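Presented sequentially are two complexes of subunit A, the first with subunit B as partner and the second with subunit C.
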Partner chain A sequence: MTTNDAMIEFRDVHKYYGDYHALRGITATIRPGEFFSLLGPSGCGKTTLLRTIAGFEGISSGAVLIDGRDMADVPANKRPTNMVFQSYAIFPHLSVEENVGFGLRRDSRSKEDKAKAVIEALEMVGLKGYGKRAAHALSGGQRQRVALARALILKPKVLLLDEPLSALDKKMREQMQVELIRLQRQVGITFILVTHDQEEALVMSDRIAVMFEGEIAQLADPETLYRRPNSRKVADFIGTMNFLPASIISESAASVEIEAAGFGRIQLEPGQVMGGATAEGAAVGFRPETLTILYEGSAASDRESMATIEEVVYFGDMTYYDVRIDGSETNVRISMRNVFGRPVLDRGERARVGWSPGALVLFR
Partner chain B sequence: MKSPGFRAYTIGYLIFLYAPIILLPMFAFNDSKVIAFPLQGFTTNWFREMWADTTLWNAVRNSAIISISVAVISTTLGLFAARASTRFRFPAKAGIMGLIMLPLVLPEMIVAMSMLVVLLAIGIELSIFTIILGHVLICTPFAVAILSSSFQSLDQSLEEAAYDLGETPLSTFWLIILPLVMPGIISSLLICFTISLDEFIIAYFLGGNETVLSVYIYGQFRFPAKVPAIMALGTILVLLSITLLAIAEYFRRRGIAKAGGKDSGGFL
Partner chain C sequence: MATSTGKSGEGRSEAASGLLLVSPTLIYAVLLLAAPLVTVLVYSLSLRDGGFGLDNYVTAWSDRINQLLIMRSLTVSFSVTLVTVLLAYPVAYFVSFYVKPERKSLWLFLITIPFWTSYLIRVFLWKVILGYNGVINSGLLSLGLIDEPLQAINYNVPALVMTLAHAYAPFAILPIFVALEKIDRSFLEAGRDLGESQLMTFIRVTLPLSMPGVIAAVLIVFIPTVGDYVTPDLIGGGKLPMIANRIEGTLLKQNNRELGSAIAVTAMLVVAVVSIVFLLLNRRFLKGAK
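So, the complex of A and B:
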């Protein structure tokens, strides 16, 4: 593999802590200049995997390559990576500029050049003029920015971010998400983000690796992950997905015919058929927004089913309906944008539900 | 909490604690060889007499050498032990740490006796050095206790961050860890110094011909004529202790303020 298409390469990486198998054969490639996320619930090994890139965590077997070079014998302080820690790890006894310039201590540049680099780095993260402040006097968001400037000043090949936004409040978090995307485009460095927040991963990433129990369950771009999750577990973890029991009637190389509760017979393309069913058996999955409640005069839908409205949750711009499609025994959720002039339906009302076979995924 | 009984108890407690200490300067300046009321008049003769006593100066010199050595050695050992116990996992850790901390509860008498027996058996001459050995043994647990709390409040990712930014483990220790645990180090130095300075049993058992301050003071009480000078010496020691504690507290608070931490007690 040439350096052009792999900034980071994991080759069958295993990690044991005593008897505990934390990483179970990770094989993946992260491209140069990519915003890559490791997404998963706590304890899935995503932080451990990130730390194997940084060099804080050794691996039991396999190989981690950065820019084509095996990192087996390279200690953390010699790796072309820098990290933004979950706690930010701002040195409390140093000023903002001393923190940001910390990595330049071993640099051969002149004092003036280093000072200039610090000022530029602070400007880049929107902290112009904060250099003389004491680090402990900063707010959470400002610390975050100092940590970013400190990591980026060394111009690493890869920036590692360990749940960097989890300590911020919602508004600040959303603002920092946008700024991180902008920053990544500006510096063009490979960013690797660890997060348990699926929304954050979808918003920010070029590609996402979803991890469960030390393994990568699916590695794909956000849209594929959302629309075509390869297992019910991934589908459950990312956003909301409805499931209805289904059974396969017939299958050929070109299509699969199934029978799903409430939907009847449906022809699916092979790309819509995934493994990863749960013990309950095969099921079709679909996102709440792929179903529509049809009103008088609505545009016709591919397919229609009749349903009873069981629950209504009004959100202002949206209404969530939990409906029971005739012929099925479980409720499914439909999200509808509230449009002026269209009434919000009540519990117990009957409704026509429109859907499209293309939006379904079969887990078998 | 505002009941009159509680107030009386508090006042009584403080009097019981500090009245004897207040007597020291009173009799140190009292113009009489007898330690008794009523006071006779003001004099600074006792300070002059004390100052001229060469055995006292010898004891002061010995005590200074011992206490400073003990403070430095115990704090250094404590630094290693505290670092190891907070940062690393190793076999039999609880047992090893328990053995290090044991002298804290071990009667000093036993430590002094057993050390005396062993030192005599292997033929080491009793001297300042043997006192230092004994004092290091009893001071190290205090150093470990103080420094462990400093290390525990240290975010481990600070070290990783420094390492990540290109520093070696050694320079990380020097640039990040040491400055951040410095208040603990100063505390430990002062506490160990103070414990060693006023320790009596070990200094008495293991001192041989060398006299330290505490042993010297005890010896002087046999001569009633010397007692007022001891009062003068005591007065100076009280002032010295208060000054040292004030300095320690100043550094501790400054350290916390600098690190942006929250003040959670301390010794003062």
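So, the complex of A and C:
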């Protein structure tokens, strides 16, 4: 593999804290210029993995390479990475411009050039004219921008972001998501984001590594991750997924025929068949929006089943129906966009449900 | 006192109960602090032959011995403060950064051990070590390294500084420790992340952020040592009086309350001026620290 294909390379990385096995053989590559996310519940090792890139965390075995160079003996201050900390770590005894220019001390440029660089960096993150402000007089969103400017001014090869949006309110968070994407396109360097928010990861990333218990469960682009999760665990963690018990009737190299409760016999392509079933046995999974309730005159669906509506949750733009498909024993959720003139159905009503075998995933 | 909600009656009773709560302390402070202070001030301004004036201050300030003693007091205090803080910082740093969290209270507990014995006993301890017939001298004598006891290790300013620095070390360690504990460790990681070595991160991040604690330690050590008179008496063997010994002599031995009070007020003013300078410095650092 040439260095061009990998900005970061993890080679069978293990990390122990005493007896605790925090990273269990991480092998992955992160491409140059990629917006990459490490996604997982708290305690899955995602922050630890990020900190092994920054050099704040040593590894027990394996190797971490940045731009083709083994980082084993490179201390944090000599690595071509910079970090935006979860707490932002804006130095409280320094002004905004002193914070942003902190890493320029060892730079050989003239004082004027450095001051210009600081002004440009502040402009880039939308904090023009804030240089003289005291750091503690900033809001959460502004602190984050200062942290971004302080890291990006050093032109790192990789920018590391440790849950940078978790401290912001919802509106600010959504605004910063868009701005981070814009910034990443503008500077063109690799961004690695740690987050526990699956929506955030889906919105922002080119590729996502989903981590559970110190291992990468799946590494894929957002669409694949959403449509073809490779285990029930990943499917459960990302968005909502319905599961119905299924059994395999026959399988060949070209297709797998299954029988699923409520759906009957279905032919699946090999790409739709995953491992990662739970102890309950094989199940088909599908997203709530892949099922539709059919009204008079609705476009025809590949396949149809009859169902009883058990629960209705009205969201304004959307309605969630929990329905029981005839022949199955568990409720599944259907999300329907509300359209003017189309009535919202009531509990207990019977409905025709349309679906498509292509939207199903089998976990076995 | 009136609250904006208009429940001024409630506000008043709250203030009243607050006053009641602080009243024992308040009465204590008025009787034992403010009243004596005022008395001393009045004495310092009253003349022996009746009337009031600044004559006592003129006498006090023009006396060469007073000038010398206040200078010595300041020199000793500054030296003690410097030595104490320089010795206390590494200890506080070690406990804060290298001791496991669950062990920290044990370490702080150990640091307070010197306080278990009375101050006088601790001073005598140094006298036993450093004195004319002390441990060091008799040790060296019995080893045959010297023929007669060394004079250089007792009855001098370094001996005084050593004794006082030892006595005040825990006072200095605690505020510095607290300041270091309050520093978010991600600041130090940020310093490293932005390309600075551990030493430079200490100089550019840790040290400035711990300055409030350092200045608190400076004040805690400096203020009492200026007025100390037990230590110079015991360690200095009466040969190294400081300003407090002068005040005691003038007030009690010479029975000159007016002049003694004037010297006392002068010493207080000097301490106040130095402390205010430090406090202003502290405010500069605190301003940034939120």
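By our rule, the second predicted complex is superposed on the first by the 364 of 364 C-alpha atoms of A that agree within 3 Å, B and C clash if a C-alpha of one lies under 4 Å from a C-alpha of the other, contacts with A are read in each partner's own complex, and residues count from 1 in each chain.
By definition in this document, a contact is a pair of C-beta atoms (placed from the backbone, for glycine too) under 8 Å apart; a residue touches a chain by one contact, two chains touch by 3 or more.
The structure displayed is predicted, hence computed values, not measured ones.
S.K.: Do subunit B and subunit C fit side by side on subunit A after the overlay, or clash?
M.R.: clash
S.K.: Quick one: is A:R145 in contact with subunit B, with subunit C, with both, or with neither? Answer first, second, both or neither.
M.R.: So A:R145 meets neither subunit B nor subunit C here.
S.K.: Just checking: does A:R232 make contact with subunit B only, subunit C only, both, or neither of them? Give me first, second, both or neither.
M.R.: Neither subunit B nor subunit C is touched by A:R232.
S.K.: Please work out whether A:F91 is in contact with subunit B alone, subunit C alone, both, or neither, and reply first, second, both or neither.
M.R.: So A:F91 meets both subunit B and subunit C here.
S.K.: By the touch definition above, which subunit A residues appear in both interfaces, subunit B in one complex and subunit C in the other?
M.R.: Common to the two interfaces on subunit A: residues 54, 56, 76-78, 81-83, 85-87, 89, 91-93, 102-103, 105-106, 134-136, 150-151, 154.
S.K.: Which residues of subunit A touch subunit B once you look at their complex with the stated criterion?
M.R.: Its residues touching subunit B are 54, 56, 76-78, 81-83, 85-87, 89, 91-93, 102-103, 105-106, 134-137, 150-151, 154.
S.K.: What does subunit C use to touch subunit A in their complex?
M.R.: Per the touch definition, subunit C meets subunit A at residues 184, 186-187, 189-197, 200, 204-205, 208-209, 285, 287-290.
S.K.: Within the complex, which stretch of subunit A touches subunit C?
M.R.: Touching subunit C from subunit A are residues 54-56, 75-78, 81-83, 85-87, 89, 91-94, 102-103, 105-106, 134-136, 150-151, 154.
S.K.: Spell out the part of subunit B that touches subunit A in their complex, as residue ranges.
M.R.: Subunit B reaches subunit A through residues 155, 157-158, 160-168, 176, 179-180, 258-261.
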